[in-house]
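Below are two complexes that have subunit A in common, paired first with subunit B and then with subunit C.
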Partner chain A sequence: MHIAEGFLPPAHAIAWSVASAPFVVHGVRSLTREVRENPESTLLLGASGAFTFVLSALKLPSVTGSCSHPTGTGLGAILFRPPIMAVLGTITLLFQALLLAHGGLTTLGANVFSMAVVGPWAGYAVYRVLRRYDVPLMVAVFFGAFVADLSTYCVTSVQLALAFPDPGSGFLGALGKFGSIFAFTQIPLAVSEGLLTVLVMRLLVQSSKGDLTRLGVFLAGKQARTRTVETETVSR
Partner chain B sequence: MNKNTRINALLLLVVAALAVLPLALGLGDGQEEPFTGADAQAETAITEIAPDYEPWFSPLYEPPSGEIESALFALQAALGAGVLAYYFGVRRGRRQGEMRATARQDGGGAGPGAGKSAARRN
Partner chain C sequence: MLPIDAAAHSSRWRRRHPVDKAVLGLGLTVLAISLPPWPGAALVLVAALAVLLGPAGVTARHLWRAYRVPLGFCVTGAATLLVQVGGPEGLVGPAAGGPVRAGELLLRTSAASLGVLLFAFTTPMSDLLPRLVKAGVPAAVVDVALVTYRMSFLLLDSVRRIREAQAARLGHTTRAAAWRSLAGLGATAFVRAFDRAARLQAGLAGRGYDGTLRVLVPEARLSTRFVAVSVALLAALTSLTFALEGPLS
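Moving on to the complex of A and B:
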């Protein structure tokens, strides 16, 4: 999902940066508030960021005969809500852009939008809806992480198709082309990411029940809806 | 091995199988370069769709060779894995400490079983 440095026309690069910026700024504010109000969260925040670091460095072979990597953003989005994941994802992308020439500064906005904004929000939404209907926690976690991963690559395909519509078949033709490179390759990897996220969540349930309860991870059914309402009233 | 560990091991096994299967089945055969990165394939697709497009910015720093690049990727994974391992280590140590403390408080009469359940409730 890393669009390479300089591979988006300037207008697109600027537009995606402008679109991502408010999410990252809001995320930084949520993050500082979380650390200030719940200093004991710091360690788990570090672990969520670390999970993204590991998973986005893992390039895995896929059924299409090419390689891609998971994103690791579902876990942090489920634990701390998507705004905080926007910051953790941006840090990971920045590390890769500066040290690995993977992604880039001019394409950072677009890459942040797909991996650190849309992925976490889509995954979190799926997790919340499933929990609302009393789907077991680990099933909801799996699909949350799966969707966070896959939606990231779908967004990348859309971003590239918008910037480089096919001369013959236009936007849709290009979308098919980029989609077959990214989205199809990503399906088995998204399954892997879902399973790894379930694994880490299982370990967290064993080791950090207190933190997960405070974060509202266990809430299900009608209670699941109160989670954001509560956190939002607390934050105000 | 208890049930929990078995499920965790099974999860890892399925992930490993998903990664190994495409290689074992030779799904990259017949391609010019098997198992290239999807990111690189997208770059190629861009140059096919828009042959005149010139990247207008280049990375400030580029790893001088594939070896250095893989070293930096390994560093990224190692940093992440290190922090994760530290987290779970700290948690485990803290839990064991709590269990021991409650067991000591409860004294000999309550036994270690009672201490354990009290620590869980926290």
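Moving on to the complex of A and C:
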């Protein structure tokens, strides 16, 4: 789902960078405040970034028999919250562009917007809404990861359709073309990522309950509402 | 260590200042997407290849291994421009001017990728990241990126060893076993990452950690001559593109 280096025309590359900038700046401010208040969190955030990088390198068996890799945005957003994920996602995408030649620097803004902004926010919103209504943790985790993955691909389709409108049917035709190509592989992959995220979370509940409690993962119902209000207040 | 970063550490241009290499590598990338694909991107592609295999000293084998990944994405991405939706040919048919658009896109993405590879193959991340503070990136973000960078290799190594252990215990023989193993791998990576962070924190606290990670950065001076030659090359490529655009179109 990474848009390759040089794939977007300059105007599009700049426009997506501008669109991503407020979210990344907001994330940077949250991260800087967190590090100032708790200097030791630098190491935990670095570990979280490394975990996100490694997660995106895992090979995921897909229903079609081929392999792909999880975006990791859903799990990352549930564990570390979307503003932090905007920064960690940007760092991860920068490393992928320079260390793996995966993605690119001119397309970094577009990739950040789909994978580090829309994916985490959409997945986290679904997860948080479900938890507010006391939906079981694992069901909320599944739908959070599923929506995060799928929304990432939808945004990528829009980005490509805007850059390369179909000669016959324009933007909508191109959106249908890119969307249908992605749908064949990505809907099964989104289901796969949702299932994998549930399995990972189940193991984490058994082995790292302390870390998950500190990250606020277990909050539900009224507590979740309070947590959301607290998070929004702190963000401001 | 990942192959591109390992090659960057032993690069002929390792001691050059990252800004020198950014002007050349990223300058070529910007030209690749800004100039007309024919002949602009084609000229940039040839120039980037010549610099990579010549003065930068990147081996053809290393370059191919790194380049085939973006090239694969470029080819599959460009292939979608060959068809159009709707029209007299039916629901899906060949796009008018599709091969030209696909060819131009392929040229542009290939040339742009080589420009970034030129920078990546000659500049280790450990040289680049600490200098981002001078470029205005907040120190807290750079510190997090540094920890992420250093911990990624340890985690990737752990993941590789865990996967080998799972395979040795027949953890990938059936689909169900493969899913269990994959979930275990993801969860173990999380646990290991947080465990390493906690131990690193304890170690640094014992050495008077105050929230700032101080690392030694190899000294390098900005070379006016290198930058001037790079800018001259970029200017020559731009001039040549506009000079040849008419006759070759």
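Everything below uses one rule, namely that the second predicted complex is superposed on the first by the 194 of 236 C-alpha atoms of A that agree within 3 Å, B and C clash if a C-alpha of one lies under 4 Å from a C-alpha of the other, contacts with A are read in each partner's own complex, and residues count from 1 in each chain.
Quick note on the criterion: a contact is a pair of C-beta atoms (placed from the backbone, for glycine too) under 8 Å apart; a residue touches a chain by one contact, two chains touch by 3 or more.
Since we're looking at a predicted model, the values are computed, not measured.
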In the superposed arrangement, does A:Leu196 touch subunit B (first), subunit C (second), both or neither?
both
Touch check for A:Pro188: first (subunit B), second (subunit C), both, or neither?
first
Thinking of the overlay built on chain A, is A:Ile91 touched by subunit B (first), by subunit C (second), by both, or by neither?
second
Once the shared chain is lined up, is A:Pro39 touching subunit B (first), subunit C (second), both, or neither of them?
second
Between subunit B (first) and subunit C (second), which, if any, makes contact with A:Gly6: first, second, both or neither?
both
Name the contact category of A:Gly216: first (subunit B only), second (subunit C only), both, or neither.
neither
Return first, second, both or neither, reflecting whether A:Ala50 touches subunit B, subunit C, both chains, or no partner chain.
both
Now for A:Ala101: first (subunit B), second (subunit C), both, or neither, which partner does it touch?
both
Counting only touches as set out at the top, which of subunit B and subunit C does A:Leu31 meet: first, second, both, neither?
second
Pick out the shared contact residues on subunit A: the ones touching subunit B in one complex and subunit C in the other.
2, 4-7, 9-10, 43-44, 46-47, 49-51, 53-55, 57-61, 95, 97-102, 104-106, 160, 164, 166-167, 174, 177-178, 181, 195-196, 199-200, 202-203, 207-208
With touch defined as at the start, can you tell me which subunit A residues reach subunit C in the complex?
2, 4-10, 13, 28, 31-32, 35-36, 39-40, 42-51, 53-55, 57-61, 75, 87-88, 91-92, 94-95, 97-102, 104-106, 160, 164, 166-169, 173-174, 176-178, 181, 195-196, 199-200, 202-204, 207-208, 211
Touching residues of subunit C toward subunit A in the complex: what are they?
2, 4-5, 26, 29-30, 32-34, 66-67, 69-70, 73-74, 77, 80-81, 83-87, 95-98, 101, 105, 108-113, 116-117, 119-120, 125, 138, 140-141, 143-152, 154-156, 159, 175, 178-180, 182-187, 189-191, 193-194, 196-198, 200-201, 204-205, 209-211, 213
Provide the residue numbers of subunit B that touch subunit A in the complex, in ascending order.
4, 7-8, 11-12, 14-15, 18-19, 21-23, 27-29, 31, 34-39, 41-43, 45-46, 49-50, 53, 55-63, 69, 72-74, 76-77, 79-84, 87-88, 90-92, 95, 120, 122
Report the residues of subunit A in contact with subunit B in the complex, numbered from low to high.
1-7, 9-10, 43-44, 46-47, 49-68, 95-102, 104-106, 156, 160, 164-167, 174, 177-178, 181-182, 185-186, 188-189, 191-192, 195-196, 198-200, 202-203, 206-210
